Amino acid sequence: MLKKTAINKISELAAVLMEKGTLLAPVKEAAGFNFREISDAGQVNLHFHNTIISPKSAFFPQMEDFVRYQTGKSILEAAPVELNLKPVFLFGVRPCDVKSFEIMDIHFSGTGAVDPYWKKRREAATIFGHAFDLNEAADPAEFYHTLGIGAADPQGSDIFMVTKDNDLLFKSITPKGKKLLEELTMLTEASAGDRKYFEDYIARGHDYKTRFASVEPKAIATEFESIFDNREFWKNVSNACLSCGVCTFVCPTCYCFDICDETLFNKGTRRRVWDACMFTDFTLEASGHNPRTNVYQRLRQKICHKYSFSIRKYGVISCVGCGRCTRYCPVNIDIFSIVEQAVKAKWYKRL
Amino acid sequence: MTNKNPYIPMPVKISRIIDEVDTHDIKTFRFEFLNKEDEAGFKYLPGQFGELSIYGKGESPIGIASSPTQKGYVEFTVQRAGAVVPGMVTSALHEMEEGALMGIRGPLGKSWPLEYLEGKNIVIVGGGFAFTTLRSLINYMIYGKNRERFGSITIIYGARNPGLLLYKDELIEWGKRTDLNLNVTVDKADAAWKGREGFVPAVCKEVAPGKENAVAVICGPPVMIRFTLPVFFDLGFSKANIITSLEMRMKCGIGKCGRCNVGSKYVCTDGPVFSLAELDNLTQEY
Amino acid sequence: MSFEPKILGIACNWCTYTGADLAGTTRLEYPQNLRVVRVMCSSRINPSFIFRAFQLGADGVLVGGCHPGDCHYNTGNLYARRRLAVTRKILEFAGIEPGRFRVEWISASEGNKFAEVVTEFTRQIKNLGPQNKFKISQ
Amino acid sequence: MSRIGVFVCHCGLNIAKTVRVSELAQFAATLPDVVVAKDYKFMCSTPGQEMIANDIKQHKLDRIIVTACSPLMHEQTFRKVLAASGLNQYLLTIVNIREQVSWVTHDIEEGTAKAKALLNGAVYRARLLAPLTSRVIDVNPDVMVIGAGIAGIQAALELANTGKKVYLVEKNSTIGGHMAQFDKTFPTLDCSACILTPKMDSILQHKNITMLTSCEVSEVKGFVGNFDITIRQKARYVDHGKCNACLACTEKCPGKGVSEWDEGLVKRKAIYIPFPQAVPQKPVIDRDSCTFFKKGKCRLCEKVCEQKAIDFDQQDTFIQVKAGAVILATGYDLMDTKPLIQYGYGKYPGVYNALEVERLFNSAGPTGGKVTMRDGREPQAIAVLHCIGSRDKNNSEHCSRVCCMYSLKFAHLFKEKTSADVYQFYIDMRAAGKGYEEFYNRIIGEDVKFIRGKGARVAQSPDEEGRLIVEAEDTITGKFIKVPVDMVVLSPAMVPRADSRDIARLFNLSTDKQGFFMERHPKLAPLSTMSEGIFIAGVCQSPKDIPDTVAQANGAAAEALTIVVKDKMELEATTAMVNPASCCACQNCVRVCPYGAPFFNESKGVSEINEALCKGCGLCASVCPSSAIIARHFTNDQVLAEMEGLMEF
Amino acid sequence: MTSSFKSIEENLKAEAGKLLESGRVEIVLAYGRGYDENHPMPFVAKHPSDVANMVFNEYCIHNLARYLVRYPRGTKIAVAVKAADCRAVIQLIQEEKIKRDDVVFLGIPVYGMKNPKTGEIIDSKTTCGMYNPVLYDVLLGEEVHGQKIVSPYDVLADYEAMDKEARWAFWKKEFDRCIRCYACRKACPMCYCDPCFIDQSKPRWGDKSPQSHGNLMYHLTRFHHLAGRCIDCGECSRACPVDIPLYLFHKKVAKECEEMFGQAAGMSIDDKPALVNFRVDDSDKILE
């Protein structure tokens, strides 16, 4: 099913979605765009390249409350926080970010214990994917093409959106998306021309070039395994690294978290908050032992986790090439360049 | 969500607290589940661990010290952590009294490889506080008919001094058994000590059986492990037949929070039990 | 009901706390809005204590120390003076009325000054009204 | 999970009148971790104390909160109750609901509400309290006294007479200090040498005193009870062990040096003893004036010395001394008046400073006790100018306290020894001391001319060669006057020793604006310093006369004795410590501590705290950005928790 | 008057080469290529051959003083410093984190550094407004003269003029956006604590979760910790992925400290950091 509406009527669509449930869509803020829960339909703004924080926060919010309790009272009085979600519409997700959900699914609900929060939030959501503007140059930081993701890949979305001049085209990809699209009566039927445009656009998306390197998962995993102990290499690439958490917090596939007990006046909440393997205390043990005290070890962990460990454990590269980590790195560290160098790193002198 | 939510601890009651050592910083806590279904669901094997959970303080991953053959309760032996600044959870736990309620999540992680151990001669080497899950394993192996499933069992357990030995009553009981070769040693004896004096590696050299059909299960402080492993290598034990348990900072215990990630493994779900052969394939970041 | 502010006091053991005791011994009446934390020296006051006090819902914070030059520890209050001056500027730039935070030098013999300061400060905080900016909403 | 007991005192009606005490106890019982809460008429009474003791046992309490009067009142009382019940005394919290609640309100509603808030704060705090133990250290029984003027001599003798071993360290080659330079002492006019030299001799003879002349302290380590002090002994080029004080060397020596002893008024030999009664009575060689050291040959002294005591190869040596306490009695310098060019000191030979005049009067001095000026004349008119540099905001603001009296003494001696007219130019005459006013009255009767006005300028007389004109405003007549004189005596400010700040740094003392050592408390601890175990006596603290100096010396000796008389001492338990895991090596703690307790351990890369020096003020903890410093009993989390509790209700 | 970026780059390479060649230093901290022209990176040269990879252009805004404390004490390091960066090094020397003898200041006099995100010239807006390093061993170009001297505190005027309610509203909105990635403290040359106060559980100064109160505590305390030490390089704001204008607050605190204590941070290696110092005659007026 392909439907459409004029871009300047997007707020009308937003209003309908807000009525049906919770709408999360890009909003322009001081520093750039971010997905926010929309309280005013006029806030939705699709004139963005990509958001600062990835849309993972829709399913894995930076802060998720588990339990509320009172200190000094019995554990039996503690109250787990129940998620009673309305339908969630995640609107305007770029294809690379849509791909990230698939990778995160493997971790949170596809293997081992199922994370109930991720699963519930994921099930409640309908994803409106949104193709990149192919007429616009790719951001120099991006490299999703390297990860086999096209600029207009509809896979993973429930509904996929493509801009055509002043119109926005909506195509249902999944049954869930189809059902919703049927319900969105304020959208009009698309024409045959629109259909053609849509298909062509998606095809063109594959030719749209971001930075590209040939990375075959198994091979790259091996590559990183072989240089894991090459301290010279890792120290070199991490010379500039500040060991802050920007790259991991903006990353769509970073999932590390901490579980904290936060109390005030005898009232407490146990919650999880994002954590970052780049933080010095991430692996600090109560004994004082810390297996990763150096910056290079932490940067190595982050990169190898994505380009080696994840491949071994989950079979996928845990990176979608969205370029956020590079774009927001205060010292311009570029994961793509490091991956490129890693391939050549065999020739580095070992210490 | 409560029942199946792996992040929410199950309520337990502390039914017994045993002050294990002279320094009073290691205690064994016996917990009884408040809900029968929780107890039924808590199916564990020696070597697994649980997250001890105190609201307002946090959680701490601790190896299970009791054996599943002990019915109606689980036990954890906990050392008060932190030399200068005390650990939040462990110090709160040490201030708890019998009858108090708290939470447990688990069982978590992999157990000692019991199937692999079956029919083999077992050498158990423990040092200091790290003896807890080995105690679980011993009690499991010597329980009733279980004993028949294993070959000879040699135990080498050492502590810095007699006052720091854990499970003193059980050591006496085990010592009486003929189907166990128990060797308890202390680094430094006191006047009352009648047993061995000497370091664990030296005792291993003396009493460990040959490599044939044998597996060594070793837990202890890093320095003990460093000097004990060569003894077993000299005896010809392969790395696949030396098994140990890793300590790592863990939070969720279910392979989600990413903290205990070492190489492609999560210590909390892929471990904490690993053979040396497995560890060799892991990056050296633990 | 009239607004009864919560005022946190942090007083050094040797001068202001003793001065407060003297106010009691001499039965000087003053408003009961002040709750005092005793520390050994005004220099013990970590600036973050002040931020925290406002987060905990203090409508005003009063710090008391020995007069400069009379510090039991020689120079503690001279450091405190600088540090707390900065604290004040930070609070002000963040938008907290500077009148909500006061540092006073009150010696062990100045029971009357203690009572006067508390009375005056309480009146001032009542005029400023409740402090809801930093206060953590639960 | 603590087990807290709360004990609310009625204090008769003192508290109960304006705080509903039983309601307070009931409230306490509802708070988490409070196991038992009771109220009682007088908690500090024996039954009250027994109640607490019993409940500690019965309820296995591990934290006690006594809600009563000020901790300054009964903290010690209740701490003893805890200690007697086997509970660490630092697990006690006092809530002050009398001085700070019931006595300052008439409103029982307000009083009860505030008491609840305070009690809640205490409960929050009590949960986090930790048992503390004070460490006991050994005390070295010896004392070091630095400076062997009258203060040091007096202190050393007092201590030695109690049986304590004393190290008396003196920078010069003889002990005696300034007092040995004086001729007569006011107001009694008894001879300085007559009262001092017997004491000097006692020092030499005393079996408990080790006299270390030509010595300076070069390093101080350790802390109260255990100082470890390095002394540098300057090379004297004479082996005092061999020297039999025949002084043949000093006769033959061709070298000429300026006599420091005689304030430069005469020359002395290069090998010399400063003055005939010097102690020790052994010569030293002054390198700068020695012909051998200057020209490479001479060695006359060596030739005449039968004892073979001369040793030109002698080097400075270092002596290690351990002591439990230290008394600093380093004295003063006279202000250098050359920079005050209006007085012409150093320019006009007729201008003298007070110490020079002391030497002129002294029969062992350069003139044999006759008042003869540098040009050989006997003065016909003499002006004594008070307050030169003292009471002067541009120089030394302080009053030097002794100048008025010694200036009067000078007037008397001038009158006695010359026929000159004597003028006293003074601002105020300060004669506060036993017999001082009487002395003043006596001098007034001796035909001394008193001019109330500060000497403003000394100039060369335009009319008479060699005569000087003293200009001043006579504030009584309001007239500007010019007085022609032959000799001008300046009474300069007594100022700290030039190296007083270096000494202060060595011993980690503070100095005042001028450089005098700061006492711990100006009234209640005038002899103690901020460094435990270091005491001060005499003018190094501030200008004073001989009787006051001697009194201080005795006092300092007694103070030092309180430390070294015990062989063990208990250190403060509420000290600060560093959690090395959190230390960020910023060294703020090292910079701010008034006691020098924190130090930076370069090899570990972290700060550490010498708890023996720590007084527990907590300054270091608040300047530590990474919260690595734990101020025991007032830790960050204890204070934060208390605040949380205070603000909850 | 001003040297071109290219000539500074050439001088930098030459001097760095000499220093490494002679063994005077083990490490040169400078700038190197990033993933494109606009994104150069901090760069570490250890061998003379490394200097070929150095660059210097208007986007080399990073304050390299940040990296000094990463190396063991006593490591001989040459560091390329612009005016504010130079003050950071001086401040670190004051704080005895590094020794003067161990650092070679490669001073860069420069005007016209740009924010790569916006392209605007940052000199006196987000940084200290100085063009010439106050201390250097080698100057890599001609001193900048003739540029308008703008007070670094001018940008504060609008905020100082706000009433308290508006200012609170402004800062609350800004701090609420904080995601606690800690890029600000990690980019800050003076934030060398490990662990940072906010990371500690005992004492727990502020919650770890990114809520208003924890954010507020983190930022206000950080401002306090940097009082009298912040050298106004603006790196905290530049590093911030959500563009919180931390530099404004830091500038305000720096301005107040300068007025109260008569000393600006990082201007002389002989100064003592103002907040671990005092004068007996400090006025009580500063508390009013």
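Labels for the chains are A, B, C, D and E, by order of writing; each one numbers its residues from 1.
Here is the rule we use: a contact is a pair of C-beta atoms (placed from the backbone, for glycine too) under 8 Å apart; a residue touches a chain by one contact, two chains touch by 3 or more.
Note that the structure is a prediction, hence the values are computed from the model and not measured.
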Neighbouring chains shared between chain C and chain E, ordered by label: A, D
Fewest touching-chain hops separating chain A from chain B: 1
Reference chain D; chain at largest CA-centroid distance: A
Pair joined by more contacting C-beta pairs (A-D or B-D): B-D
Label of the chain whose CA centroid is most distant from the centroid of chain E: B
Separation of chain C from chain D, taking each centre as the mean of its C-alpha atoms, in whole Å: 34
Centre-to-centre distance between chain C and chain B (centres being mean Cα positions), rounded to whole Å: 52
Separation of mean Cα positions, chain E and chain D [Å, integer]: 44
Distance between the centres, which are taken as Cα means, of chain E and chain B, whole angstrom: 50
Junction residues of chain B, two or more chains touched: 58, 85
For chain E, residues contacting two or more additional chains: 194-195, 197, 202, 205, 275-277, 280
Touching two or more other chains - residues of chain A: 71, 258, 260, 264-265, 288
Inter-chain touch pairs (all): A-B, A-C, A-D, A-E, B-D, B-E, C-D, C-E, D-E
Chain D partner contacts - residues on chain A that touch it in the complex: 71-73, 264-266, 288
Residues of chain A touching chain E in the complex: 29-32, 52-53, 62-63, 140-141, 236, 239-240, 242-246, 248-250, 258, 260, 262, 271, 273-274, 276, 279-281, 295, 326, 328, 330-334, 336-337
Touching residues on chain A, where the partner in the complex is chain C: 264-265, 267
Contact set on chain C toward chain A in their complex: 56, 136, 138
Chain A - residues contacting chain B, complex: 66-67, 69, 71, 74-76, 78, 80, 82-83, 107-108, 111-116, 228-229, 255-261, 263, 268, 270, 272, 275, 277, 282-288, 291-292, 297, 301, 304-305, 308-310, 312-313
